[in-house]
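Below are two complexes that have chain A in common, paired first with chain B and then with chain C.
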Partner chain A sequence: MYDEVHEILYELDRSKGVLGSLVVSEDGMLIASDLKVDMDEEVVAALGATIVRRFREALSRIGGDPFIEGFIEASGGNLLFSQAGPNVLIVLTERGINIGFARLKIEEARRKIEEVLK
Partner chain B sequence: MKQDVYAPLDRDFTGDVQMVFKRTLDKLTEEKGILGCLLVDCEGLVVSESLGSGRKDPEEVAALAGMLTNFLEHWFGEMDGSPFDQCVLSTDSSSMAIRKVGCLYLVVFLKGSGLSGYMANIVTISEAVATIAMMLQRTCG
Partner chain C sequence: MKKVERAEGDADALSDLCRRGISKIYACRHCKPMLSSTERKEGEKRRSKLAEILPEKKVSTRRILRPYTKGKFRKNSGMKGIWIVGREGLEIFSTDGTGKSGAFAAFLFESMEEGSRSMNMGKVHGGLIVSPSGKVYLADAGYAIVMCWSDRTMPIGMLRKTTLEIAEEVEDHGL
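Moving on, here comes the complex of A and B:
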């Protein structure tokens, strides 16, 4: 099962501008990852889960619906988040990539991951 | 002909900064797909707002945006020192986008599922950001 998720991430990471991706549980446990950059995947997983938790809190405080996806742009690159069932798919990309195109690839990967981890 | 509301300010403009901020936010809120917006400082205080009556509480949104941006600035600074520029949080019916503009943050509420509402309004939001940035540069140097 985890090999299948890794295969999906590997496929996603072949998209232009994508630097790596991870699937993280709600509590920050790393389920699978495929990073092309030299970063500690456990740290990225914990950071991603913490950010998503903050996003959820923020949306609930302003009376919004549940979080489904998010995006952060920093000068070093982008972080994209997509809720995949109870887990979160986190994708690291270069700055300045086509977010619309990246989103399509992420959505495709998200659907497959949700199906595999169901 | 559509009025170019985000046109660069007159070089000799001496009007009230608050008035320009308010005018820019009001025009942004009039755009299709945009539910409201506000300008917040780094301490989470409202600088100017255009959320419309009966909608979200500006003070609460500003405090929330201040908290979220402080958190993100801290984390990104710790990770690789790269400053945070913007973030977008989406639900299946709306989004909240936060863009850094100098020492302030522009918070925009958008209609639409996921990031689609934001994607559809990137240009409009960027134009408003440019106007605010120009005004800040002119007044703060």
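Moving on, here comes the complex of A and C:
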């Protein structure tokens, strides 16, 4: 199962501008990762889960909507988050990439991950 | 044409008004030629100098946001609300599209900045959150944060562009 998820992430990371991706459980535990950049995956997993938790908190305050996806645009790159069942898919990209295309790739990967981890 | 009583037949009085920076001098045809062209030019110079010294007239937030809140934009685009919130979480401006508070915008943006900082991603320009009922885009506008809320029909690119445009306007006008 882990290999299958890793394979999906590896495929996703082959897209132009993608620096790495991770699948994290709601509580911040790393499930699978494939990072091209030199970063501690456990740290990225924990921080990513914290950000998504805050997104959820904010959404619950304004009407109790569940979180589907989100992204942060920063000067050093983009962080994209997508809810994949009970887990979260986190993708790091370079700045200035085609976010629309990246979102399509992420959506495709998210569906596959949801299927595998069901 | 309204006549300036004091100035009637008195070139000195007219040039005095000019000197004081009064931009409009109403005078009858008879009185107007009494100001020589040199005097008029000097008056103009003084007025433009005065305009430089005086603080620029502030543009209201409502006026800046008018193109985004009025008419076709609100009706056709799916935009549900626009908020300008201070970094401390206090609302500066909001349209009453949803009745929801913009106070959480600061909290959300802070979380984004915190996350970006910890991952060494640098300064956050903006961020998006999608939920089943709509989308929220937050953008940095200097000391304030601009948040736009739309329903699911509005394309993300449009929501992002609008929010960033408003943020730029807000930052430029230093509201």
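To be clear about the criterion, the second predicted complex is superposed on the first by the 117 of 118 C-alpha atoms of A that agree within 3 Å, B and C clash if a C-alpha of one lies under 4 Å from a C-alpha of the other, contacts with A are read in each partner's own complex, and residues count from 1 in each chain.
Rule of thumb we're sticking to: contacts are C-beta pairs under 8 Å (C-beta built on N, C-alpha and C of every residue); 3 or more make two chains touch, one makes a residue touch a chain.
Remember, it's a predicted structure, so these values are computed and weren't measured experimentally.
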Put chain B and chain C onto chain A via the superposition and say whether they clash or fit.
-> clash
Touching A:Gly48, do we find chain B (first), chain C (second), both, or neither?
-> second
Regarding the shared-chain residue A:Ala58, is it in contact with chain B (first), chain C (second), both, or neither?
-> both
Is A:Phe71 touching the first partner chain B, the second partner chain C, both, or neither of them?
-> both
Doubly contacted chain A residues - partners chain C and chain B = 47, 50-51, 54-55, 58-59, 61-63, 65-77, 100
Once bound in the complex, which stretches of chain A touch chain B?
-> 47, 50-51, 54-55, 58-59, 61-77, 99-100, 103
List of chain C residues in touch with chain A within their complex = 100-101, 104, 107-108, 111-112, 114-116, 118-134, 156-157
Complex contacts: residues of chain B adjacent to chain A | 56, 60-61, 64, 67-68, 71-72, 75-76, 79-80, 82-94, 96, 113-115, 118-119
Write out the stretch or stretches of chain A touching chain C in their complex.
-> 39, 43-44, 47-48, 50-51, 54-55, 58-59, 61-63, 65-77, 79, 92, 100
